[in-house]
Amino acid sequence: MAEVYQSPTVEEIQSILKSEFPEVEILETKERRVKAKCPREKSHEVCQFIHDNLTFEHCSVVTAVDYVDHLMIVYLLSNYYNGVMIDLDVDVPDEDLHIDSVTDIWQGANWHERETWELFGVVFDNHPRLERLLTPKTYEFFPFRKSYKMRSQE
Amino acid sequence: MAMKYLDKYPKNLAKSLWIMKPVWTAFKLFCKTVVHRPVTVLYPYEKEWIPENYRGRPGLRFDRCVGCGMCARMCVTQAIKLIEVDDDNGNKVMRPQVNIGRCAFCGYCAEYCPVDAMTVTPIYELAEYTRYDLLYGPRRLHYENTTPGMEVKLEVTLPSDIENGNPERRVHIFDVDKPELDDSKCIGCKKCSKVCPVEAITMVEKGVNDKGRPIVRPEFDNAKCISCKNCVEACPKDALEIKEVL
Amino acid sequence: MADSLVPVLEAQEKMDTDKMWVIWGPQHPFSHGLWTLKLQIDGEFCIDADPIVGYLHRGWEKETENRDYARIIPMTDRLCYCASMTYSHLYCMTVEKALGIDIPEKAKYIRIVADEICRIQSHLMWLAAVGTDMGNLTVFLWAMREREYFLDLNVKLCGARMTTNYPRIGGVRNDTTELFDRDVIRAVDRFEKAMWDIIYLIDDSSVFVSRMRKISYLTREQCANMGLTGPAMRGCGVDFDIRRDDPYDNYDKVDFEVPVLNKESKVGDCYDRYMIRIEEMFQSCDIIRQAVDKIKAIGKNAPYRIKTPTKVPAGTTFGRLEDPRGESIMYLASDGTDKPYRLKVRSPIFTNVSCSKAMCKGVRIADVPAVLAQIDMCLGETDR
Amino acid sequence: MTEYSSLLSWINFADPYANPYTPFLTDNLPYNICYGLWEIIGGFIAWLINLLFPNNVVSTWLLDERVMVAFALVLFMLVIFIVAFVIVLLNLWMERKVLGRLMDRRGTMIGMKGFLQCVADGLKTFMKENTIPSKVDKMTYMWCVSLIVGLSCLVACMVPLSNRWYVVNYDTGLLIIMAFYALAPFFILVSGWAQNNKYSLIGGLRAAELMISYEVPMLIIIATVSLLAGSFNIGDIVNLQSEIWLIIPMCLGFIVFFFCAIAECERPPFDIAEAETELVEGWQTEYAGMKWGLIMLADYLRGSVSCGMVAIMFLGGWTIPFIGGTALPEIVFLIKAWFVFFLMIIVRGAIARVRPDQILNLGWKVFMPLAVFNLAIAVLLKMGGFY
């Protein structure tokens, strides 16, 4: 495997990601920020690479945005050595809401994934404990989807 | 820059196996508070000083209010509702009524009031026996000791001013944004002129159309306009739009 | 591993003793708010913990999709009553990033002052909670007394004690009021003196220190991997502070130290996590002094709030800020209207409380409040 | 006519003066007060009845010496209890005020500088509904409260306030007080089990753990003191200190006994049995209303006993060195006891709750050797002929 970078700069991240994963699309780079897009099948592999080789030890956020026809899973990953953050977007089609869990890479993603599942209905495969966290256990709908209207929105 | 606390602590454990210092510190404060008064105040009898910009319940200066409904629109919790009341001359006017039970005390009504009729007041003792008593009508909202310091100014600097090297100029946000008419959409229904609280809109005849009927178009008196967006909301054809000046 | 309890636990496992689940909460004196901690205990030792949150879930993020941008700011105050200023700041910063605008210098420094006041008062609230959790009410009341002076500063600044509603998109609500500089410096000076009384009460007391020392060891790798952030993380050797390493507003122009302990050993205990916060309060005082000087230098008539468009262009962006409790992030997806399409809040406590299993493992029951006090529980932002 | 006097022989009183430990001797002040009081009250009633029915037997019976003594005894019990109760209320008031000032607040403010707050609290708990959880072991649940409160009242009444204000003047007075005093943790353990609640169970177990850690050094200190005095009689121990207080030769013993006394009445920082943040209220979790109020009262009764014991054993009781007895020895004693209680409050305000294992360590590794060392000093002193 490639060498380990402890504190990669934005340019390094860009070039390394491009060379290692041609599927990954770098959308935007700013100061200390990289925004990338990744196909769903590769997401776990890319995350593992970012954790192991680019030393992104901390997964800040796993969340989703509901774009009605598809859901966008967002990973915000941060490096503790230089403060660079990667915003990794993964599109999940609405018909097949499955994505690999990254809990085995970052334990901190555990609750974020649980929360995303209960609010959006994205199933994280291989998650150790995909249960409802914030909402009551009796809920059978996913309240943060755009299809779920609040009383004041009706 | 040095660490103030971490330079002295942690001490080594053998030295800190000792409880005399905390006991002595506590005893010192005991002696101090026996001689002087403790810092607490006897609340119903003594009260702490509060500045005049304190955000208690909203206050209303009835004579200044124009009934534009900006407070009701900006209210975060929908606590404000416009109700019809008699003014001093016996005319029916729309004035805000505040449900203190819902109020979040954010001060937005005072901040976004175009004429500074809404103010914040330093009244925070608002307990009542029934929920109905929590409804503050326009007259009840009046607070006699209103000072200029209780007004919340919404004065901003335009980014264009900063670029032009004139950063000290501050404008009231309601002085710059004016409604603009999309002439092709307008049907001349006069709704905008009816809802305008300051009568800044006059309907002007601009010739006749094909059928010989007069074409009526609103005309805005920018000096009077307080950019409250009532006309924009009332327009049935979305012909009006607030043009933001930046 | 420096954990001295491991052999004890192993010995107990061989003894085949009965294990018992004790459920703490949702209404329990140690839980500052509504949450449940299920503890599996073996004699006096905790061997497993399972935190349950969600009693306060209000659908905050969904609710924001229904409001225009300006009317979300008072809602951000309600995320956490102690860190209301930082959350409003974070929200405004995120929207400003999405709008692509730069706010005036003066507003940046005022925000720094407000943020650090908020940090000090939040840490004092935490210190008070530590006092009660350890069974000493004196610390609680002394810390609350100090906190009151900073809440008074909030009142002078914006008219409210806790739900400040002060930062605005494009600046701050109002300029600093008359004599605010003087009041801030006075409050900070007297705080730095008065704080030593509380420190004598805690750090010179063998009881306090021995209760926090040598329990609940966490390694650097664990912290980073589990997502434990904030002072708790810095006590365990992670040398990272968003204010310094990923600066926002004008934090790169003020000079301050980030207290980090156990940089070499990379293992920290409960007492290390405690000490970081105390030092952070002193550092905040320094930051406040510098920022107040800068505000004075900028002058009275400088702009403090600029006008911003009400509609945010489509796209996604996020802001990141060092909350008193850790790393908080707001992720904003906008669609070109005047209402956010999705606003996600990453609250530090939400992740920190999920680490309570690792923190509680192997400690005695009597230590659990002391250990969990170090993550400074706040349920408003956890459940959102 | 003479048959009427046989009424007295139906109710067969033992002769009080035949008992060598009788409190009804002339030097017992509360008893003398009660006797005098009953002479007035009983005499008035007898006179009243005699006025209505001249030469009746009830008046004669009331004025009989033995009957007078019996009624005076009832009054005596009341007086002793009420005095102990008022002392406890004063303790409670002092704790609230001192703790308040120490924390930079005012403490209670209702009536007489906050003294009437205790009365208000007592009334409030009295008004509360008597709730008993459905799954508790009702018998033990109820009985434990009675026993804990009863024992505490008994001990509080048994502490003498001076050489003329006491209940019994046994030769083994100190031992008996300590024996009754040490009984309560057993009932705490039982009641913790009876409540069918995990918090209470842990609390009860901790009470037992607490007891085994402090009881032994405490008894060693008591043995040391009685060794010096040559008797368990409280009066002898006080007389021993007529020239020099025992705190000076035995300051180690004083420190150990002071902390053990705090632990004995389960006051913070040794309140691990009811540790609030961990165990809600520990073994008191399921008690509500008046039961809880009585338990709190018992706590403070035991607190006042602890202070009294420290004052008797180390601070010279009701005597002042070189002056000896004063006109009001009770007040001297109470001032000393309140000073000890004041120290306890300061300690409570200054330090945090100690962990159970730390208490065990403290009891067996620190207090126990210190107590034994103290005993050695006492033996040396005794051998040197100082005592």
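By letter and in written order, the chains are A, B, C and D; residue numbering begins at 1 in each of them.
Just so it is clear, contacts are C-beta pairs under 8 Å (C-beta built on N, C-alpha and C of every residue); 3 or more make two chains touch, one makes a residue touch a chain.
Because the structure is predicted, anything quoted here is derived from the model rather than measured.
Judged by contacting C-beta pairs, the busier of the interfaces B-C and B-D is B-C.
With centres taken as mean CA coordinates, the chain nearest to the overall protein centre is C.
Put simply, the C-alpha centre of chain B and that of chain C have 29 angstrom between them.
Between the CA-based centres of chain A and chain D the separation comes to 67 Å, rounded to the whole angstrom.
Note on chain placement: the centre of chain B and the centre of chain D lie 63 Å apart, centres being C-alpha means.
Mean C-alpha positions place chain A and chain B at a centre distance of 40 Å.
The residues of chain B that reach two or more other chains are 19, 22, 25-26, 29, 39, listed in rising order.
Counting partner chains per residue, chain C has residues 138, 142, 145, 201, 205, 207, 210 touching two or more of them.
Within chain D, the positions touching two or more other chains are listed as 102, 104-105, 349-351.
Put simply, chain C touches chain A in their complex at residues 53-54, 57, 59, 61-63, 66, 221, 224-229, 238-240, 242, 245-246, 316, 318, 320, 327, 329, 331, 333, 341-342, 344, 346, 350-351, 354-355, 383-384.
Every residue of chain B that touches chain D in the complex is listed here, in rising order: 19, 22-23, 25-27, 29-30, 33-34, 38-40, 42.
Residue ranges of chain B in contact with chain C, taken from their complex: 1-6, 9-11, 13, 16-19, 21-22, 25-26, 29, 39, 50-51, 53-55, 74, 76, 104-108, 111, 120, 152-153, 155-159, 162, 167-168, 170-171, 173, 176, 244-246.
Of all the residues in chain D, the ones that touch chain C in their complex are 99, 102-105, 198-199, 202, 268-269, 271-272, 275-278, 280, 349-358. Listing the residues of chain C that touch chain B in their complex gives 67, 70-71, 73-75, 77, 101, 104, 138, 142, 145, 148, 155-156, 158-160, 163, 165, 170-171, 173-174, 177, 192, 197, 199-207, 209-210, 213, 255-257, 259, 261, 271, 275, 278-279, 282-283, 286, 301-310.
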